[in-house]
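Pasting the structures in now, so scroll down.
Below, chain A partners chain B and then partners chain C, in two separate complexes.
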Partner chain A sequence: MSTAIAAKGFSQAAFDAYLAARDEPAWLLDMRRKAWARFQDLPLPSVRDEEWMRTDIRLFKLDRFELPDALGHGEASQGQVPHALLAAGVNLGGRAVVMNSHALSAKLEPSLAKQGVLFGSLQHLVKEHGDLLRPFFERRVVDPHKDKFAALNAACWSGGTLLYVPKGVRIEQPLHALSAISNGGVDLDKTLVILEPGADATMLSETASTDTTGGGMHCGSIELIVEQGARLRYVNLQNWGHEVWHFAHQKGHVGREGRLQWTIGALGSRLAKVNQHVAMTGPDAEVQVNGVMFTEGKQHLSYNTHQHHQAAFCKSDLLYKAALQDKSRTVWRGMIRVERDAQRTDAYQRNDNLMLSRDARADSIPGLEIEADDVRCTHGSTSGRVDDQQLFYAMTRGYTRREAVRMIVAGFFQQVFDRITIESVRDALSEAIGRRVSDIKGL
Partner chain B sequence: MSDYVAVAKATDVADPGSMLVEVRERLVVLIHAAGHWYALDDVCTHDGGPLSDGPLDAAGNTIACPRHGAKFDIRTGAALTMPATKPTKSHEVKLDGEQVLVRLSDG
Partner chain C sequence: MIETLKITNLHVSVGEKQILNGVNLTINRGEVHALMGPNGSGKSTLAGVIMGHPNYEVTEGTIELNGQDILEWDATERARAGVFMAFQRPMAIPGVKMADFLRHATTNVRNPQRKEGEQLIPMREFRKELREKMTQLKMDEEFARRYVNDGFSGGEMKRAEILQMAMLRPKFAILDETDSGLDVDAVKLASQSIAEIGGAEMGILIITHHDRLLEHNTPDFTHVILGGRIVETGGVELARELYTEGYEKVRERHPEDAAIEKEMAAKDKQLVGGGV
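== the complex of A and B ==
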């Protein structure tokens, strides 16, 4: 039974009213209440915490935002939906749009629905398929107690996207999900992707603002469950307006002989703090993580990555590349963790930063924690400016300085683009980066 | 250059003492020392540490980062000791009666 919500903000009264209006299974409401209790107990992270010492959020004011209206009335309308970069020219198998945490639309090819595939609003589908989805929720892939933002998302997620692919079903066409906010809006998105054993799918997920200079808050979570022998290609492009606060916990569980290719593009937001975690839970699992970042102005993007080897004979390979201009800043903290039983692990992590301004700053902190004694774990990190010799060479061949810099930046990212097997994603990221490169100042 | 913004009452900050204030979406440490007022960006240029949490030496005109001990001149923001090598931004401060006002140096 739905009731109107009068209480605002993230108060107990607002939460109670929010739950009363949701009409969800009792087990889910119970999970939300437990997470809410944790949310209330936890302080906001501070620069005194090791993980947050390079990401200062003292200017972030949670009380300036509020829970989305559970009835979905008001601000959301199809006319406002921003352009989706990853969907251009792609033959999609399904499409879902969420606006200000409210599901706007969802479509799935009937042929896929016939095979048992579920795709669309998590908020709606969990009501219809609660028994199927409950075990995956109970796995708590993202720990709702990790920090205040994880607890807030677990308690109050709204809208959201679900992709469920039954055992052995292979989907050729990518599925696309767009989550958007208007100026000052709140996105409490939760993405849940489940590939049953032997399934195969590609999901393209992106976030955007209706106003590229607008503000707002995203407090989200992504859970990718790749069961035995399944293959998932997952792309997540963060393209919020430049005043949006972005907090996210993202985690993949990859089972025996599972394959996950996870590509992130981070272009927008005022400040982003993302925990991206991949866990190889069964032997012979393989994970490839690709990251592309381009920052400008006073943007601050902070990514904590974690490659967790829990089983033997697994492989993980992470490559993050960032180009920074103006007074922007990136922080990458990467950890490869190998458990005692994860013998014959093959793990690699690398972060390269291209500094396009003297005032930009990149912090790159790779790390290894290895309990097993028969592994290959390596890491690397580079940070540098555009090479003057390369510039000089290009200019002797007739290019202007600006053209030469553009070419060098494009070449810098090419290494990561070459790893992305989905052509439309490569093109979209390349175009988005190219647009920004053309605006490089001070050349 | 931006206008002055009222950030505190003079009685809010002991002498010697400091206080964290927000000025136009920017964190600034307001310092009261030997009868004078100063304002610096609340950021150590070495590691981004919050200077407002660090010890103030009014006699020596310095404030230190609590993380690695880098010292900055409270009058100019100049980095005085390693590991900081770049100055932190210094802002103008004036009193208007009991009100302390800060003007950001780069708007």
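== the complex of A and C ==
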């Protein structure tokens, strides 16, 4: 990276110029400025912060990166966009592509547009539909002041994806969003999904690098708003290049009788620190969270999950599974928090890790904070190697050792995929992960 | 040339513990052998060693397949050479469908030279054959979509083992208590099926405590194992004597081996969790 670019970084002057060029509603610019002030006040997190204790980012240098506009990588042609794994074999209702934080293209079935569905670049749509979207922005589902990365995203997000589904509208076909970066690029993505009461939709989003060994930075946010009685299935596959820094705050709000099924797959990045939170804000809400992680080399993937029961009679069920190769490392910290009024809560969390090498390491730290007295909260975690007896069994059926390992790993993940009800989505995701499984070097 | 699986003076131990003390056994393709013996006498160990289980250490003796020493072969190579074992306790592989598991297995065993990543048997062809075999074994089609032995009942697992044998068409098959867990009708069916699959094609070693599996598979030879050694070999009438009268007489006829048996059992009690 040239020094001229490095000098720009995230300076006040760069930020002022950035805002001046954006032509956005005043309320939004105001939000950005407040977040920027916070960004400047906050230090980068360090291992002294409890949440970051196991995730060392001393080698991360923010000033190696800069605001997206100045980079000029946005005009990449469609040809350079990475292949979308989750779209394979799925009959889509719309597609949106973002490259280096610039909206490249967006398509939506006309029949859906006619019903009032909005889908595409958040950056563009917020200009046209500012009044509609403002209350959802102001709900601050992700707290813009939470840490330096949250503040940076709130101040500087660019490109982004919006899905808005009006009251009672049900969308059969999944919508697909791809956010990509080229080597050294910056992704300041913000995803906003809003399902008005009674709406029903499936969204598939994935992030990838044009260069699988490439570097860069993702500092993103995802906000999922599921209003009363609405149903959202959201799949998020992270497949960044192996030198990308990935910082993300992701949160869902699920209202009364709402349903959220949120599945994340994590394959890429050098280091990932993700906060994935779900809050059940109305009674009888149900949330299912699924996670599949597959790491190799020296990757470090750290996930903080939070199941926040704010209302009574809600159910949350989290299953994270990780397979680790080489010297890679995963950290899962899961918290179930039940507020005093959230009686009859039914909450579950589980993390299973399959160690494919002696040098890999997986930390599982489940936690419960329960204020209510009539609840059912359980958690569990396992870590182990591929079972020798299983291996022997498969080998007596003619499998080579390596084939047997791959099969067992595929089966390990299949138990997560099985929870995904839409067959084409399930197949696409298992295919995407399966590619990586087939590269397993063996034990 | 008749194909032969030949075990000579086989001594096997696990850690410090000696389990087999010089087993001799020759099985020709086309023959049925019954292996009987009290609990803990080493039957499953013998089966496991023939299959190449890595936990067992062969300290003396040989296992030959058609004159070739196979002791250095791993389980994969033995399976691809046509050796099969139906497990006394099959392993579950969650998340892997029986049909997918078997398609891959069948491809590998039928094409021993297959390299990883090479084509599998065409789906249609495989499905057709699998369906036929399942019908023959009176298994529900749903079975193929279930995960390998995951949540199977004891009887279902044993049926699935026979199904696998039917698909893999081995030259030599060891059935380790395949009758246990099966209900009366299922054993009968299993006995018939094994005869149909095996016929003159296979050399079969049936490990059992009962007579039912032998109904349609009349043993050419019955072997009695005691204290890690085959102490007697006879015809079908020996099997009959054993499942009606038990092993007391055998022990009386072979006091030395009975003493070893006692010693082994005593050691087991000392070892924490020393079961099978």
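Convention: the second predicted complex is superposed on the first by the 428 of 443 C-alpha atoms of A that agree within 3 Å, B and C clash if a C-alpha of one lies under 4 Å from a C-alpha of the other, contacts with A are read in each partner's own complex, and residues count from 1 in each chain.
Convention: contacts are C-beta pairs under 8 Å (C-beta built on N, C-alpha and C of every residue); 3 or more make two chains touch, one makes a residue touch a chain.
As the structure is a prediction and not an experimental result, all values here were calculated from the model.
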Combined model on chain A where chain B meets chain C, clash or fit: fit
Partner contacting more residues of chain A (chain B vs chain C): C
First (chain B), second (chain C), both or neither touched by A:294: neither
Touched partner set for A:56, first chain B, second chain C, both or neither: first
Inter-centroid angle chain B-chain A-chain C after superposition on A [Cα, multiple of 10°]: 80
First, second, both or neither for A:47, with chain B first and chain C second: first
Least Cα gap, in Å, left between chain B and chain C after the two complexes are fitted on chain A: 27
Of chain A, residues touching chain B in the complex: 47, 53-54, 56, 58-59
Chain A residues within the chain C interface of the complex: 387-390, 392-403, 407-408, 410-415, 418, 438
Chain B residues within the chain A interface of the complex: 20, 22, 25-27, 43, 47-50, 67
Residue numbers on chain C that touch chain A, as the complex places them: 51-55, 74-76, 78-80, 84-85, 87, 90-96, 101-102, 104-109, 112, 116-117, 147, 164, 168
